[in-house]
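Each of the next two complexes has chain A plus one more chain, namely chain B in the first and chain C in the second.
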Partner chain A sequence: MKQILASRELLLLTAIGLLLMLIAWRFPGFVVPSNLVVVFNDTSPLILLAIGQMIVILTRCIDLSIAANLALTGMVVSLVNIAVPSLPIIVIVLIAIGSGTVLGMLNGILVWKLAIPPIVVTLGTLTIFRGIIFLLTEGKWVNSHEMSDAFKAVPRTDIFGLPVLSWIAIAAVILFSVIMTRTTLGRAFYAAGGNPHAATYAGINVGRTQFWAFTISGAIAGLTGYLWVSRFAVAYVDVAGGFELTVVAACVIGGVSIMGGIGTVQGALLGALFLGIIANALPVVNISPFWQMAISGGAIIIAVVLNAQANRTPGRIILKRAEHAT
Partner chain B sequence: MKRRTFTSVVAGLSLAASMLGSTAMAQENMRIALVVKALGIGFFEAAAEGAEEAAGELGNVEIIYTGPTDTTAEGQIEVINSLIAQGVDAIAISANDPDAVVPALKKAMERGITVISWDSGVAQEGRQMHLNPSSTPLIGNTIIKLAADHMPDGGDVAILSATATATNQNAWIEAAKAVIPDYAGVNLAATVYGDDLSDKSYREAQGLMSTYPDLKAIIAPTTVGILAACQAVTDAGKIGEINVTGLGLPSEMAGCVDSGATKSFAIWNPIDLGYSATMLAAAIANGAEAAPGAEIPMGRMGAVTLDDTNTAAMADPFTYDSSNIDQFKSIF
Partner chain C sequence: MQLEIRPNVSSRTAPDIDPLLSLSGITKTFPGVRALSDVSLKLFPGKVTALVGENGAGKSTVVKVLTGIYQPDEGGIRIGGQPVRFPTPQSAENAGVTAIHQETVLFDELSVAENIFLGHAPRSKFGLIDKKAMVARAREILSGIGAKIDPGATLKDLGTANKHLVAIARALSIDASVVIMDEPTAALSQKEIEELYELVENLKRQDKAIMFISHKFDEIFRIADFYTVYRDGQMIGEGAIEDVNEPELVKMMVGRDVSQIYPDRDHNIGDEVLAVEGYEHPTEFANIGFTLRRGEILGFYGLVGAGRSEFMQALFGITRPSGGSVAIDGASITIRSPAEAVASGIVYVPEDRGKQGAIGTLPIFQNVTLPSLARTSRYGFLKLAEEFKLAREYTERLDLRAASLDTNVNNLSGGNQQKVVIAKWLATQPKVIILDEPTKGIDVGSKAAVHEFMAELAAQGLAVIMVSSEIPEIVGMSDRVIVMREGRIEAELDRKDITPETLVTHAAGISEAVQ
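After this line comes the complex of A and B, so read on.
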């Protein structure tokens, strides 16, 4: 089992390598380290969200409200920043995580206590969250000159050659790698999605595990919400519109099984990087915008087909001796 | 047999009565739907303000400000169908796609609803007239001039547009390309599309900067694009090297003008545009004929004359820079 997992991630890593070589052939400037830093930084929000989404998908759920949560939290912190420009950034970050957590918990409660299918719950909250932004602002934008300088500075502050945004993504990858492999909760996510019945018999409350998955996904989306609006220095209703599908795509490409129970943080990271590299490369290789969408879509399908091939468990041979005899 | 005839007569009468009733109600209050590309975009919010102003002047007009939540033709078709079901008197639409909305709008016109397009047009068979915010050649010239004014030695410029299928964007870009030979030394290096998404537009702007190291100006004739490009240029530390210009809203562009990333930009007044579209829709719904050569009044904005394709232009775009931005940023 471990070998299959390793090989799938290796496959994706090879695909990313080939992709980079292909781009370098058309546009050598893309693979210089300084540009790769830019690409990684640009992909960081996707990496963060993909980790949250992966945890939710592991428990056989899906969080379609993840981008709407990001947009709502981003708007909330922007409005807080306008109201109290002198508020320390650490408080802003805590508000962002707190707001995201509450929104995620709302999803979690509905899925856990009311046992509504997650796709329906999050489809509903997606619309509700975007609607709330509209109610908060009446459709007005928050623009860069209304945000305080400190508010905008955080994601782009350089530490050891990498912007803070990138460091947060790296920290999240490490933190969640440990949580998913070394803690009871992390293992419970796999158990609840891999085999809910067995998990119940093993004493795991499947509903509560799903609730925590949504909570974590919400907290990450909230934090990303702040980073997103401060990075692009603008907040409006449609921020990250449709981004939830990119996040799900990153997970699927990263080998996270939509059926639950299978997936790793590293897979989500690689899936996000794969899409991030394509998104950043298409503008510089000078391809018609009509082809860009087709290429992104094609890449997703190819990656999923490859994953499905790798996932296909070979039939178990019960009688080895009989097999060899024939 | 007799009885059946009688019932059908009664049914017919009551139907006629109810229709009379609904027309009578419509006369009391004309309902004009302002259908925009997507809700929550500052430009259209300002247009809605203008529409309300026109409604206030006209007195008996009620404005229904509506649109999809994302910039898709499918979303607008749903909105149009629901407006037909509500039996509005006029629809004034800024279309996400010139052709996709035509069948729905034709259906509306068959039901006696006045249909005009404004800002981003609809194919001729799908509307009675189209109001351009300005004339396409004038806008095309303005956006190139904005860039050329600040690059005396000439150089490379690039256009960052919205979606590759946006009617108005493509018309402006064509017009811009046509006037480039008039500006010595200005060379259009590329045209890219940011789909009116901040993240994609930002990435496209970054792509432009790395592909064309000598780029002098990014021209974005879209509010999302110009802001994203301004942010990308600021983050790359290229303020002063690359001038971000194009079409934007003063309230959104104030930061970019202050930082120097944008030296000047232009826009027509969206309040005037919403006002004029509403005035025209009301005039046509009240019986004004929309035919080539016809002159239709639009309140304080004067009057427009329709050309061969039933299209008219409202006014010239207006240039904003550090000298007047503070005055306008609180208006729209």
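After this line comes the complex of A and C, so read on.
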């Protein structure tokens, strides 16, 4: 399976390469390193969120509240910044991660303890989170001039030619690659989603594992919330509206099985990059945004078909079970 | 040795009537297994024929042949003397053959009338479903079987017994002449069973031919007119119920030589390792107590639904018992989760290994180490080298052949998947291993290998609990057997007392002992 996974990721990498070549043929300026850095930086929030979503989907759940969590946390840290402009940025970052974590835990508790289907839980919290932003601000925007300079500077600061935002995405890819492949928690995510019954018998608490998936997804969403509002220097109710679907799309294109149990951090990264490149390239080569949607949609369907092919288990019929399956 | 009992249709109770439906020379094979071999069956109008046999005798297969789900490889079906074929379930229904299945196949969110007429609802002249006619017909059928159920009620609001009546009404709604009842009383209370008997009498008066599958002998002798016995997919005997008694039926069901294919074991039984006392659950089982020694194989026998798996799941911490105590090596322990059970040295290899055993999307080594991760990790970080070592050790012990331990379990054959599951549990170094139906659904060769392996485990000092519904396996492997019936321990049998007859007698709750 590692081979198939590897080849699936290789396939996606090839597709991304071909895409870049196609764009370069029409618009060579797109593939110069300085522009690629811009594209990567622009895709970084999607990469971060896709990693969180990947973990949730791995456990047979889905987090539709991920973008709303981002927006609410972004608003919370913006308001904190207005109230106490002198607060060190590290505290702001900790507040962002903490707020996102709490919101993620809320999803996790509802899924774990009340056994409500994740799609219903997160659809509910999506609306609630956006509603809370409205209650906090009465629909008003927090604009650039209200935020402190230090608050806005962090994601743009250059380190070795890359903005901090990009470095955070890279760090997250490395950190979560290790967590997913080298820790018992990572193994539990795969086991709980791959076969919840078997995982239960092996002593894994599936509900608690799903809770941790939502918690991680929430923490990432919270951090991304700060990065997002500080980068765009604006916070309002509809920040990243509908972005949760782009995140799910990145996961699916990246080979994460919506049935749970299959997916890698690298896949989520590549899926996000694929969508990020399309989003950045199409306006440049003068293709209408409608085509952008159609191309993303086509990519999702192709990815799902490829995954379904790869996951088709070889025919082995155990008589008794075939008999029962009427 | 096979008993041959000739049909005796000329007896007093069976006048010279022609069978309404007859099967002859039916053979059905699946890859590796001959499920039915040259069996026959006759159903008479206005009579009940009981089909009797152990689990795996071929009863369900013959039901599926009769209802068009399976096509026989050889042999023919005749209705009223005319040869017929049932290439689809629909064609069987059209020919008037209907089955009421063990687990009712109904739809909780639909109304009673919709359930009854799903697939053959009366149509209005525009081709739409004629709801009025459907409800009226449903009411007619329901009152015909004496059921006081509102056709407009939603199915999920009905109790088990009423759901069953809806299933029966559904069967009758197609104007069936042949009604097959597959263990219809399994889920019913005594009062509901009495009502079912009345219904069967009612159907007999309407000249329907009824086939009745049951494990309960009192039931068979109460309502059947004829019997047919299958064993291992073969026809063993048939006749009028008057001409047979319980011991004879039991003998026909189980009569076979069981000793030869089981491994020889020297029964080296050591100290007590597990003691269970007074285990109970509000709805599933009560007062379960026993002890288990090192090197012992303790069989758990009972009919399907006797509460054996339910008890094992409670012992393993999947469900919570409402009372009782467990001790391992004399020390009292509490088991609140599977993780705690594994930590105390109890492991459970579940019955449905496809669903509950291996994780197909993970590679072999990750499956093997999953319950042992505490040993192959430190501070939550995995030690991959140790994982591989552990996985290699136990897969080699089981002679598991795979290209690499990195291979995904989904890509393995069924037998190898089974080995992964067993390796997984052995790697936890358990004291007690619970095997739930260890040979269910596997071919004869693999069965022998599993039995061999089980004997080896016991010889190494492991205490084995084997839950099995297969009498030969229980007789051939167990040092001791606990027979469960309706959630309670019915009997505990020592090695010398374990015979097919005593097992069946206790499991079915037959009052007088069979010789």
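The definition used in the following text is that the second predicted complex is superposed on the first by the 310 of 326 C-alpha atoms of A that agree within 3 Å, B and C clash if a C-alpha of one lies under 4 Å from a C-alpha of the other, contacts with A are read in each partner's own complex, and residues count from 1 in each chain.
The working rule: a residue touches a chain if its C-beta (ideal position, glycine included) is under 8 Å from a C-beta of that chain, and two chains touch if they have at least 3 such contacts.
Bear in mind that the values here come from a model prediction, so they are computed numbers and not experimental data.
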item	value
Touching partner for A:Thr200 - first (chain B), second (chain C), both, neither	second
A:Gly161 touches, of chain B and chain C: first, second, both or neither?	neither
Touching partner for A:Asn280 - first (chain B), second (chain C), both, neither	first
Contacts of A:Pro33 with chain B and chain C, given as first, second, both or neither	neither
Which of chain B and chain C A:Val239 touches, first, second, both or neither	first
First, second, both or neither for A:Ala191, with chain B first and chain C second	second
Chain B versus chain C as contact partner of A:Thr183, first or second or both or neither	second
Touch list for chain A against partner chain C, complex	1-2, 4, 181-185, 187, 190-191, 193-195, 197-205, 257, 261-262, 311, 313-314, 316-323, 326
Residues of chain A that touch chain B when the two form their complex	27, 29-30, 35, 38, 42, 45, 130, 133-134, 137-141, 143-146, 156, 228, 231-234, 236-243, 279-280, 283-284, 286, 288-290
Residue ranges of chain B in contact with chain A within the complex	38-42, 45, 69-70, 163-164, 190, 192-193, 197-200, 202-204, 206-208, 210-211, 227-228, 230-231, 235, 251-256, 258, 329
Residue ranges of chain C in contact with chain A within the complex	30-33, 35, 60-61, 64, 69, 105, 316, 318, 337-343, 348, 350, 352, 354-363, 366, 370-371, 373-374, 377, 380-382, 384, 406-408, 410-411, 413-414, 424, 440-442
